[in-house]
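Paired with chain B in one complex and with chain C in the other, chain A is shared by the two complexes that follow.
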Partner chain A sequence: MAERGARARRLPRAGTLIRFAAFAVLVLFLAMPESFAPVFAPLTTNGAPAIYDRAPLIDLTLAHLGTVAVASLAATVVAVGLAVGVTRPAGADFLPLSRSIVNIGQTFPPVAVLALAVPLFGFGERPTLFALFLYGLLPIFENTLTGLTRLPPAVLDAADGMGMTARQRLLKVELPLALPVILEGVKISTVIGLSTATIGSTVAAKGLGEVIIAGLLSGNMAFVVQGGLVVATLAVLLYDSLGALERRVARRTGRRTG
Partner chain B sequence: MIELIGLTKRYGDAAVVDDVSFTVPARTMTVIVGTSGSGKSTLIRMINRLVEPTSGTVRIDGRDTATVPVHELRRAIGYAIQNHGLFPHRTVAQNIATVPVLLGWDAKRIAARVETLLDLFQLDPKDFAGRYPHELSGGQQQRIGVARALAAEPNILLMDEPFGALDPVIRAKAQEDLKAIQKRLGTTIILVTHDMEEAILLGDRIAVMDGGRLVQHGTPADLLTHPATDFVETLIGTGDRPFRLLSLEAVESAVEPGAADGPAISAGRTQRDALAELIWTGRDALPVTDADGRPLGRVTLAGLIARGGRPS
Partner chain C sequence: MALAIDRLGAVTAALAAGAIALLPFATFRANRIVAGDPVAVWAALPPAAGLGVAAAVLALAAVALMRTPPAVRLAAAVAGLVLLLVAVGLAATHLTPEGDRYARVAPAAGFWTGLFAFALMLADAVVRLRLGPLARIGGLAAAAAVFAGLFALRVFADLSIVREYGVRAEVFRREALAHMTLALGSLALAMAVGIPAGVLIARKAGLRAPVLNLLNMVQTIPSIALFGMLIAPLGWIAATVPGASAVGIAGIGMAPAFVALFLYSLLPMVANTFVGITGVSRTVVDAADGMGMTRRQRLMAVELPLALPVILTGVRIVLVQNIGLATIAALIGGGGLGVFVFLGIGQTAPDLILLGAVPTVALAFAAAVVLDALVALTGKAPP
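Right, the complex of A and B next:
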């Protein structure tokens, strides 16, 4: 089949260049943080270190991303599964119930979820993973529901009329068509997770929150700023790349142009 | 052969289709005509069980469709849906290949079939196979919708207003193509439209629906000459009736012995075409020739006028 995607490709725009530059600076900073010491030095007092040195920043970043990735993946699987279940004829009765359960996850402030999770899971990664997972559910669930319930009726009719089984219809038609909207939910959920994960450090999970908290405790603004900047840059880059993926999928289905 | 026997569909108290029975002989085309909301789509969708009948039976070649697993039934019946319903995330080729893939055809056979169908609908496979539906015009989308319905070489084809979105020129072309395809493949077709002109042009038989009931079922000539109700008469349009009657028959059957002056008309054209030609060129007779240009006789203004009149 002819490759028609080529038509949609364009020259990189200014936004792309800025993102690329942000990514390059981030990698450079994580690879050799000490060479950025002069930048952060003005924020320190009494000769405190300008760069966080109790653990390598790159390790903290990877641990941070790892936690978010695992939690988001689990949230995606569960939320999409739930949404698929309640949009089948057999599961329609559970639609209101599952909505309220997922909403409860969202009404708890993250700190409260963490505090409640500690007695259950002890200190460390696990309460953080649990809180992020719970937080990630709602946006993905809502979006998947929207995606699956707003499909063009004529297309579903065609799927039935061609003789697809319920399963074939779900896998070949419904999910692929809802994919852009589902991806949008995953994007929102992941970006929220990325910032929420910083508070995981209060229950001794490894992550970039450690840098910020250390800065707050010792009154070292350099730590607070560098921890915050790394998290913010990651969030922006992640948001952008998931957004680009989403648009690519959407453009293919003709739902959006441009 | 498709037999509809006492088909009824109720939603609540309302009978949307009310006790409809008729038979579609194999290898013929029946056109269901009626105003919007008269139950045409509901009726056609009971044949492939997208709508479960409240009561009544559909038999295909003698077999009650209620006894056939619904997926098998639908894969065996081509369905061109109102508003085409193409899968927006799949290319033209993938759309056309839907049922063959479900039936497990091998890739080579599918590719060949897709190419044949695109050729048939005069869409260059090299250009169109890889396009997505949103990269097509409305008319092209509808043609792909019909191609998809034909893909697995079904013996039966259900078409719900397949030409609704087409402009008059493309529409005429699509109707001609459909007629040719039907003749060539011997497909049994049930087509829904609210355009009586289309029904007369395409149908071997016409079923007229009004408020969920079948008010008349017969050949186009039956309908034109003996409309069963005022409603059918209104649909036909009294002003056009003689011309429609003439459009049903070929010049061949109106040939009289003798000669005439001026350019000839081919025996395969309709009598309506001949009448138009006579009026337009101000003659009262046209020479008629067969497909190879041999003279057969002539067709006269008086003869045609007599044929377009109310039958006794």
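Right, the complex of A and C next:
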């Protein structure tokens, strides 16, 4: 990631320009998809529609983003809470095990988590939300743990020396200093969630996966490509903007993220 | 030893005890589609056996609750897991009316929660014992052997998931093989291409950013879309390049799935090789040069061996990820265990979903344990 940072500093204008262009094209496409029909027409056969027409793309995009946002927000709150818990003296007994659970949890494939959630929650948004939440927990928890356990001991001693209570130290020193690393976890989790949410459409959740799957079922490559491109563009833009936020926070706290 | 309470154990004990006392142990359904009736553990087994299982689970929970030596906890956790597995198998046999081929008995929330509690206890004991890599692999092999033994003894024969398997054992073998071919084959190809590419970008700084950025971009394409998008180009190749279709390249089926998994695998392989090679300390490289090694000798005898743990970490990431992603191949006719998952979703048959999902999770978990052990064996675990 250091590589990416160095490159961004060297070519700030070109990178920003490309991102703005991508964003503009995405907004334009979602606002008036029909005007892009000639672009996708070569990918269709037998006069099939070039643009997904069973639901407005903008609605699907917003539903998709909404699902990811709700799941990521819930995952962030719970994961940061858990990580703070196991790094306090009262929760120290749980620290080693929580690490190994995270390690094991990451071996669970997203499709399996989603599929196993269906018998529990039925079809629709709920299994998708649950799977995204569960899958989103791990990167955030891991990063928060890293952020909180690798703080310079001198800083913590200074906080104690100033007579801060444990609560003040957590809120004013530990969490702010760990924030860039936590945000990186949120970034990873959100981008994975964006991609995983497309699989949610196999269990009838509303989202952009619907477009891709409709394309696969009817052999319409135009649907597959436009669904995939929208999700991929969203992922890149989200990754970059969360990365920018992370760098800004890191500069403020004077620490570098990994 | 004083009777003291283990705080972590209290959580697992409460989970195990609550699961067995309050939650249904199994679900009985007259056929595979209808809604099921929950059955508690004492009703799911002959009365004496049911109460015996409940009492045994409570006793094992007590071992977790008290401060006991890690080895004892390990034994108790293993005993709990085996007990629950055997009990659920016997419950299925007990609940299924004689000769009824349509009734389905599936494990219910109580079983899964209890399994989770003892798995937690097992993981905790393994952490406390600081088991070495070889012991972990040994444990995994023992677990597989015990499971295979129980299966061979037909303990699980009446469980719904095994019934689903029984109807399609042939297909299951074929799809499991296809799944492994997809996951391992694309890994092998990604290693063959990714490791040299990683070495190359470690040498040529100018190539670094473009290669890594391109591979990063591939990762952002959602898996279903990438699988789908490859159908068109591969179909074109199959139709135009002579001999391509003879070697199995086709628009739909395994080929696009294989290529998609390969593309996703490249980033971890290239990036980890690059990080591993550039992480070799300068003094070691200088020493190798001082000994008069050629660049090739230095790479083969010094840099790659020292980078091996980091490269193996990349292999672990790729293999676990591929085993999971290979389930998506079913959506484009590529086969694999995802066939059962999506068939089950389509038919709202949870047992069929489990038949695809449980082996996938088990494979991914086994791959992670084995490769973690290999990483630990080849050197200090990377940070």
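We take it that the second predicted complex is superposed on the first by the 237 of 258 C-alpha atoms of A that agree within 3 Å, B and C clash if a C-alpha of one lies under 4 Å from a C-alpha of the other, contacts with A are read in each partner's own complex, and residues count from 1 in each chain.
Basically, a contact is a pair of C-beta atoms (placed from the backbone, for glycine too) under 8 Å apart; a residue touches a chain by one contact, two chains touch by 3 or more.
All of these numbers come straight from a predicted model, not from anything done at the bench.
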item: Greater residue coverage of chain A in the superposed arrangement, chain B or chain C; value: C
item: Contacts of A:Phe23 with chain B and chain C, given as first, second, both or neither; value: neither
item: Contacts of A:Phe36 with chain B and chain C, given as first, second, both or neither; value: neither
item: Which of chain B and chain C A:Phe94 touches, first, second, both or neither; value: second
item: Which superposed partner A:Gly227 touches (first chain B, second chain C, both, neither); value: second
item: First (chain B), second (chain C), both or neither touched by A:Phe121; value: neither
item: First (chain B), second (chain C), both or neither touched by A:Thr107; value: second
item: Residues of chain A that lie at the interface with chain B and also at the interface with chain C; value: 3-4
item: Contact set on chain B toward chain A in their complex; value: 48, 50, 70-76, 79, 81-89, 91, 93, 98-99, 102, 126, 129-135, 148
item: Chain C - residues contacting chain A, complex; value: 6-8, 120, 123-124, 126-128, 208-209, 212-213, 216-217, 220-226, 228-229, 231-232, 320, 323-325, 327-328, 331-332, 338, 341-342, 344-345, 348, 350, 353-354, 356-357, 360-361, 364-365, 367-368, 372
item: Residues of chain A defined as touching chain B within the complex; value: 1-4, 152, 154-155, 157-165, 168, 173, 176-177, 252-255
item: Complex interface listing, chain A residues touching chain C; value: 3-4, 7, 43, 93-94, 96-97, 99-101, 103-104, 106-112, 115-116, 118-119, 123, 191, 194-195, 198-199, 202-203, 209, 212-213, 215-216, 221, 224-225, 227-229, 231-232, 235-236, 239
